[in-house]
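Structures incoming, each one as structure tokens.
Okay, so subunit A shows up in both of these, paired with subunit B first and subunit C after.
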Partner chain A sequence: MATLELRRLRKRYAGGAEVLHDIELNIDHGEMIVVVGPSGCGKSTLLRMVAGLETISSGEIVINGECVNAQEPAERDIAMVFQNYALYPHMSVFDNLAYSLKNRRTPKDEISRRVNETAQLLDIAALLDRKPRQLSGGQRQRVAMGRAVIRQPQVFLFDEPLSNLDASLRVQMRQDIRALQKRLDITSLYVTHDQTEAMTMADRLVVMNAGRIEQIGTPMTLFRKPATRFVAGFIGSPAMNFLSGNAGDLPGWLPRVPEETTEPLTGDISIGIRPEHIALTTPNAGQIDGHIELVEPLGSESLVHVRPTGHESRLVVRHVGTEQPDAGQRTGLNLQGPFHLFDHHGQRLATRPRLADTTCSMEP
Partner chain B sequence: MTTFQRHRLTPWLLMAPQLVIVLVFFFWPAFTALRQSLYVQDAFGLGETFAGLANFTRVLASRSYHEALFNTAIFSLSVALGAMALALLLAVMADRVLKAGRVYRTLLIWPYAVAPAAAGVLWMFMLDPTLGVMTRALTTLGIDWNFRLDGTQAMILVIIAAIWQQMSYNFVFFLAGLQGIPASLLEASAIDGAGPWRRFWTITFPLLSPISFFLLVMNTIYAFFETFGTIDTTTSGGPGGATRTLVYKLYQDGIVGLDLGGSAAQSVLLMLMVGLLTLIQFRYVERRVQYH
Partner chain C sequence: MRYHRPGLDVAAHTLLIIGALAFMLPVILAVLASTQSPGTLFSGTLPLSFGTSGLDHYMTLLTEPVRGVGVPAWRLMLNSLLMALGIAVGKLTIAMLAAYALVFFRFPFRRCCFWLIFMTLMLPIEVRIVPTYGVVAELGLLDSYPGLVLPLLASATATFLFRQFFLTLPPELMEAARIDGAGPWRFFIDILLPLSRTNIAALFVIMFIYGWNQYLWPLVTITSADHATLVTSLKRLTIATDGTPPWHLATAMTVLALLPPVVVIILMQRWFIKGLVDTEK
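Let's look at the complex of A and B:
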């Protein structure tokens, strides 16, 4: 039912510091948009501006075609799930859920009907008489969700709702939230710093850095074709490897990447290679040899940190399989691709399609 | 654990300074008062005779004691409620101020640093029937102000002076309490559709209740005992005993009137009363307090 548009949104603090620059974002009805970025990138400020908790320096926030800049949080018909849940500590779970309905003078019997419905939906019906302090972290999270759901708002806002949960519960809750959001079909804006959470939950992902949007797209688009070096490094775990150098002076062992770009390369560039696109091989069998400096076993795979001979930076290799190489060993590296090229501003350089295959053909 | 049990003396030694202070300044005087309340002293303080509960029956039967009791009730209730309500109002406003907030806060805390007697004198000068600045303002409003003649006005004066002083103490606690309420709770409440007024009564006020309860106990004790200096410097219990509270009557009867037995009986009664009041507060008011 609702669309959300952000038009040239800016946030400047009284001291003069500008934390958001010209944010443009269009969210379709029922879409789950995840905003991800490092701490301090402005993502929470953005969310709070949509909620009406922060003033807008310039630009417009439009919900369903109507500019809501001047509206109070309560008038915007949004619901927000806070990082610390912000449950009212002196109220029972029932009263926490009923609070927004009471404020809107909903009849008593309808309040209890809707509270019970919501409690069923979130599996917290047995907890209605408890106070928040008597709940576990996961239960509090559910109550916070319930408080957002009960009003059936136009837009859901999530401010890192899972960051206070332990890892296994987080995986469970992110599936639950995703399922609930799809089922209720409510337009959502979800802020997180956790890229796994972002990848798994988003219809579309917004990567932010230093108050700017770096890229918007589906999780797989961002993974396959990161528009900037920042996105390339932020999305994907373990992070992408980067080799940088002058375009005219690249080490000879690198695959003949530069020739594959659509325009001639000049100046400093970075070449990105994901850890899963490098393979370990016997010495002298790959493009370059190196020393294994560190091995991090993860079970079904290991992360192998290799320093290529005569090179400063280490490369991380994702080595699949339970048998793991020893640190200190010499190894060959087989760089397969795809490769991601970025100019000295960090912008992606256009490359010809299927670049990876041509370089792979060098493999013995 | 065995180490603790072997050193039986050390804990007592460590506690000794505090224990000595409590013994000398609390238990000894309290015991003396209790003993004295059962005796009648002669006029020169040279001898005493055991009187049983005669001091108590005499005090409880006297009209002036009933009046003092009534005055104390009016005075304490007004001071405790007034000082708390005003402090809460100021704390809520100071909590909102962002610029120069510290200056406001410091200024609001100052009155507490003023001695009760000085606070009384300050207000007495401002409201002096002939010299007072505020008296002039009241006169232009058509109010005939003279607290030296009018008992009600005298009561109002001491209540104002006592409130003004205690307010700072309450203010510090309320402000700390307000700043301890997470901003996200009020934000959530705003999103949930509560206006500022409703936000205050449904979120802020309940969350302040532990502090309010503590302050209620402290303010009651303040109004009962610590306002002695304020009353003594301004009205001396007058006119005609209109501002004579229990603690002031106790002083007048004992120190000025030298009825040591009678005033000791009063102090025992006062002790019982405050104890009882605190008990009631804990028993009934504390139930409504939301600890979290």
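Let's look at the complex of A and C:
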């Protein structure tokens, strides 16, 4: 049980490039925090700094109220699961699990007791005599988890642990990791670039971009009220549609957008709308008509790419149902909202609470 | 890879057999000659069968002081063995530690160190023999085992090979070990050393033979019979100050000189195969 605090954490490389700017994050006992962001956003660097594998340029890392900046990785009482698992290739699974205990001079009988316990927990008891190369990807992943679990550390660190697994195994493992983390109640920091993984596993989600935290919140908060245009585009799949334009010169067919915000609209703004908040309708029955350019069937739904007449950008529409429209067809679009408004810095503009089932009238 | 072309098989085997014979013939001749009586050897033609003397010449060499040297051949073999082992073990130890530092540690002038080590490849013992002799003399190590081994210890080749091998290991391995509470030495002993097993075996063979075959440096530094090595003594044996060289003894001693490297290769070969069969990683 531990809390983890990051205080104004910065990372600057010798060449002068600053990759992390003033990271502030407080993690509670037993909380699972998922850090998500595109590659190169600094999320792995952040994790490695917490682990003690990267130096800290300024700021503090505090575990349980104690600043650990000067401590070696082994002294911080953390455990890390690596993307490539980093199992010791010449050691059996048993020895891999036991290694950290051996280095801490744990008595032999306790080592074997804890290895067996951990192996039971992770369902790898039958593999203890094998070498890592004799294991499948999923089994290796479990061993890597076991190596982290066995010491019962204060903090778990996960560095994209599922990205080397195939899709179905990934779904399985993310449930398993989540269940295990809840069961052991260990404070966790989990880094991934996969927003589905992030959404499904996190108690709270941290979205990072270019070395800064864009937003911290529960997955649904971030989904419903993204604080920046970046978060809006990153969370949710398929990604949110954006229409940009000058506030004074918005396309007439956009329904009542200016009325949604409580702030004065000036300059360039972006209007975001999620694919599930646009409906296909018959031509001339929506706010605007368009051409269907591409249909991606996903089974129970299809993603329909529509180019509104007279516009450059395409809109993606989530069309539920097994019957799919044909590409090339004309269609009407019914933009239902909610809309997300962002100023030219990408910051969210406050919106009025929406009245229930506001119907959007067609502009004349 | 295997092609089903009988012609290719025949050609390949012919080449292999010719190659093997070219290597084996001198050895076979030496073995045969070492069993002939001195008289037969001096007749000028070497019979292609075992002679009548059997192992007599070997017994002579191993029990009586070798002519021109003064100690029996077993002593010479022991000296050579100590030198070869010292060089092989020392070279491997130093090279591994140097490569470990170069790959896993960040320190100022790391690249510079690497290039300095690499450049010593261009300076074999023959080139630096005069200053080396001076240094060893200053240290008072002339005509001793340490003096024999020390100047031959550093190996740029082995350092380079270990460095290349260490670079192939994922850096997460060291990070995982650090988190698991292994310090630099523990990591070296528990992780790097076992992973380098096959490399160590291969380099040990090469370095042992390199050490065993050393000629110039022992010739220069060793003056007493107590520290003489087998290979340099072979030359002394054949210096014919009074009449003809004892070829029967010289060929026998050549065969003796062959044995330890052969034993090392045979022993280490099993390691190679083991390393090849259960490939790590």
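Just so we're on the same page, the second predicted complex is superposed on the first by the 354 of 364 C-alpha atoms of A that agree within 3 Å, B and C clash if a C-alpha of one lies under 4 Å from a C-alpha of the other, contacts with A are read in each partner's own complex, and residues count from 1 in each chain.
The working rule: contacts are C-beta pairs under 8 Å (C-beta built on N, C-alpha and C of every residue); 3 or more make two chains touch, one makes a residue touch a chain.
These numbers come from a predicted model, not from an experiment.
Trainee: Judging by the criteria at the top, classify the pair subunit B and subunit C on subunit A as clash or fit.
Mentor: Once subunit A is superposed (C-alpha atoms), there is a clash between subunit B and subunit C.
Trainee: Once the shared chain is lined up, is A:321 touching subunit B (first), subunit C (second), both, or neither of them?
Mentor: neither
Trainee: With both complexes overlaid on chain A, does A:53 touch subunit B (first), subunit C (second), both or neither?
Mentor: both
Trainee: Go through the superposed model and pick first if A:107 touches only subunit B, second if only subunit C, both, or neither.
Mentor: Touch partners of A:107: none, neither subunit B nor subunit C.
Trainee: For A:65, is the partner it touches subunit B (first), subunit C (second), both, or none of the two (neither)?
Mentor: Neither partner.
Trainee: Under the stated touch criterion, which partner chain does A:79 make contact with: subunit B (first), subunit C (second), both, or neither?
Mentor: both
Trainee: Once the two structures are fitted together, what part of subunit A is touched by subunit B and by subunit C alike?
Mentor: On subunit A, the overlap between the subunit B and subunit C contacts is residues 51-53, 72-74, 78-80, 82-84, 86, 88-90, 99-100, 103-104, 131, 133, 147.
Trainee: Which of the residues in subunit C end up touching subunit A in this complex?
Mentor: The touching residues are 170, 172-173, 175-182, 186, 190-191, 194-195, 279-281.
Trainee: Which bits of subunit A are touching subunit B when the two form their complex?
Mentor: 51-53, 72-74, 78-80, 82-84, 86, 88-90, 99-100, 103-104, 131, 133, 147
Trainee: Subunit C touches which residues of subunit A in the complex?
Mentor: Residues 51-53, 72-74, 78-80, 82-84, 86-90, 99-100, 103-104, 131, 133, 147.
Trainee: Using the touch definition up top, name the residues of subunit B that touch subunit A in the complex.
Mentor: Touching subunit A: residues 182, 184-185, 187-195, 198, 202-203, 206-207, 209, 290, 292 of subunit B.
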